[in-house]
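As written, the chain order gives the labels A, B, C and D, with residue 1 at the start of each chain.
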Amino acid sequence: MVKPIAIIAGAGPGTGSAVARRFARAYPVVLLARSQSLDALVQDIQGRGGSAIGIPTDVTSASSMTSTIDQIKANFGADVRVAAAIYNVASKFTRKPFLEQSSEDFVGSLAPSIRGAFHFAQATLPLMLGADQTQYPPTLIFTGATASLKGGSGLSGFAMSKFAIRALSQSLAREFGPQGVHVSHAIIDGIIDTEKTKEYSREVPDSKIDPQWIAESYWFLHTQPRTSFTHELDLRPYSETW
Amino acid sequence: MVKPIAIIAGAGPGTGSAVARRFARAYPVVLLARSQSLDALVQDIQGRGGSAIGIPTDVTSASSMTSTIDQIKANFGADVRVAAAIYNVASKFTRKPFLEQSSEDFVGSLAPSIRGAFHFAQATLPLMLGADQTQYPPTLIFTGATASLKGGSGLSGFAMSKFAIRALSQSLAREFGPQGVHVSHAIIDGIIDTEKTKEYSREVPDSKIDPQWIAESYWFLHTQPRTSFTHELDLRPYSETW
Amino acid sequence: MVKPIAIIAGAGPGTGSAVARRFARAYPVVLLARSQSLDALVQDIQGRGGSAIGIPTDVTSASSMTSTIDQIKANFGADVRVAAAIYNVASKFTRKPFLEQSSEDFVGSLAPSIRGAFHFAQATLPLMLGADQTQYPPTLIFTGATASLKGGSGLSGFAMSKFAIRALSQSLAREFGPQGVHVSHAIIDGIIDTEKTKEYSREVPDSKIDPQWIAESYWFLHTQPRTSFTHELDLRPYSETW
Amino acid sequence: MVKPIAIIAGAGPGTGSAVARRFARAYPVVLLARSQSLDALVQDIQGRGGSAIGIPTDVTSASSMTSTIDQIKANFGADVRVAAAIYNVASKFTRKPFLEQSSEDFVGSLAPSIRGAFHFAQATLPLMLGADQTQYPPTLIFTGATASLKGGSGLSGFAMSKFAIRALSQSLAREFGPQGVHVSHAIIDGIIDTEKTKEYSREVPDSKIDPQWIAESYWFLHTQPRTSFTHELDLRPYSETW
């Protein structure tokens, strides 16, 4: 039996890294990121006894994604199986008056994340079908946000990409669920606790979402058997109003 | 006081034509369509004493939309006001297994409707602001579908575009509502009664949505004062399960 | 052909009165209220040339509702038809810490509106079936609120009754829609402009929902043919955040 | 430090028992049921080395619930803390034409589950506040169903109770979340695999929800820290259409 792998697209600091570390406790992980160096994360995982490789990938490009899959097969064998694929590529967040947005601002922030989600799903799903070869049902998870459920003033492009990814997740869940693939969508509603958000909401303790618990939640989703799939859950600090 | 106009993008048979005829009872209408000839509809409206012009436009192209607005200003004056703008451009509907969709199928069906909605909103909203010059609050309506609320197997691209347009509608409603513009989204859940759908559900009387009543509903939305805006409504035949 | 009537439960000042006046332009109206005197409204409607009777009714009591229907039949004939029935009985709104609520506070505010909705629907639906006898499909409308969609701190009982009434509306729409009855739910999201709310939001013009436009919206719902039923719409001032 | 307990209302076969067994691995559990004998379950848990007591309780009666809390305090000390409280009392499911439902059918099936949820939450929340005394944030979970989100023909009473309990869950989450209590709602969408449902969907393997995985999911919710609360998740077999 071939050891299955996990693939994380958008393996930046915060959620991506935490998810990578969590899944590396069970699987060799493949980390994809466009611009960020993945070396530190790879070393960190290896230092903990895990196995990781980083592949610079532009998921918004079909050819880049294809060559990434080629590299994965070169590395893990042509018959590599994917136990979990996590799409965590951030949609560009810009709050800007709608009439001041250029077509590039708008479509430029929206289209890549949508295209990326499409390419990522198309590249990984074929390696997930034939579920009986892995311990847990193969799992495809999309990271969502508050704006997955609700538009916002000045947030058209961001909300559109987030709504669209939720639509993709729901559609794939309905198509691939009956084939044993678990497709799920996580609504991350609140500020994630990262280096960058250190200064936000300092005064209220524990008011930012812990990336490790996003990771734990994704891992939990992954372990659910096909009798009992969760297709959507929210994650929100206790102090968040919503 | 300048007489305001109504603009209908996607003035094809069915909903688009019906909406055009309805708004033509109150305003000169500008009909936009990419490929369809608009002549018959223009003549029909003129024959009923209305005023209509058709402008072949590719709303998915910024430059095409810009030149359309130029033509509109040439026709109605540089200070033309838009009383109502209806975005009724169909998202390409294809039910196809996800893994058989090419990147062109997918992004090719999704991106245009999203881009079109963006260009259309950006071109028309500036002509709507300054609400006090029209009898009813200027109104921007997007036509949605069942798939605006719910993904479906084999329907990823379609659902993504529909979810995204709903996100746009919600975001613009929150941004432009306080400026007096009424932005609304209509969920058309069922088969629309057109020439093309003649053969469907023949046996159950009245089981298809009447385009004229879509038009009446849009007109009703348009007449609501700013004290009482409806931002979303569904339209569904009595016999529809949902 | 028997002239059909409209019945409005919760015909207090604000929405109820406005709806009564609107439907009285087309139908004799029967006004139900528990405690309020209905005389002034009845006289007002008669003064405008309409026909109205008020029947003091406790809709939360089965026997009170039964005797009301008896009175209606005595008045309009045993074969009276109902063109429109509007359930506008307010759920008791109390914002109070959950642990300070007595069982009476809680169940006492929740159960009556639920029970009332049940009795009202059960009493009126039989007089609506056989839709072909009225000009428009017979229509049963429930008035909802922000809390129909979203719970709130300190608002458990209110939100529960509002969620429950929405569930009733959806269930009846699915059961009676195919029989030609139009069941609809209106989400009134904002402060309604009444005598009592005069002092709220004074500074922002038009920031309260106009009851007359709630009435117009209900009337519009009523006129929709069975090809094109709206089952839910929201009503919200342009200045409302949501 | 006092050892906290878990309380499960509706500890019948299926979900209730599975949840009881799962939480008994960490806490002494108190099982509440109105009519069912709890002896077998208590013995089963004790046989696995856990600690359990059963208290016959009618949660729909305030006095019964009060005396239950008295018994709990007599047993575990007046300063007993509740780590987790699970409200799993079934709403009476009856699919019956609306007009054939008696007031007793209707309010009789609806009111008890709502009242029960109120009494249960009121009795347990005071024993949860002061969250710092337990390892995980104290957790109050309500079991929901498909009908928590969507009404159905002939299902008015059931849907109303399920919508209402969801409203309660959301309202309590917003009120008690900031005080460190995790309130969550689980939408169980599908047939649960129990003795009673043995004959359903036999031909499709794994097509019923495994109660043990409902239990695992509730346990997972319980372990989430206050930085990262999930307030709603669904559970659904891979083969379910939705």
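By definition in this document, contacts are C-beta pairs under 8 Å (C-beta built on N, C-alpha and C of every residue); 3 or more make two chains touch, one makes a residue touch a chain.
Just so you know, these numbers come straight off a predicted model, no measurement behind them.
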- Call it same or different for subunit B and subunit C: same when shared residue numbers make up over half of all numbers used at their interface. same
- Just give me the whole-number Å value for how far the CA centre of subunit B lies from that of subunit D. 46
- Query: Per the centroid of Cα atoms for each chain, what is the distance between subunit A and subunit D, given in Å?
  - Reply: 32
- Of all residues in subunit C, which are in touch with two or more distinct other chains? 174
- Pairwise touch list, complete, is A-B, A-D, B-C, C-D
- Query: Can you name the residues of subunit A that touch subunit B in the complex?
  - Reply: 62, 97-99, 101, 103, 106-107, 110-111, 114-115, 118-119, 121-122, 125-126, 147, 150-156, 159-176
- Along subunit B, where are the residues that touch subunit C in the complex? 137, 174, 177-178, 180, 182, 193, 206-210, 213-214, 216-217, 220, 224-242
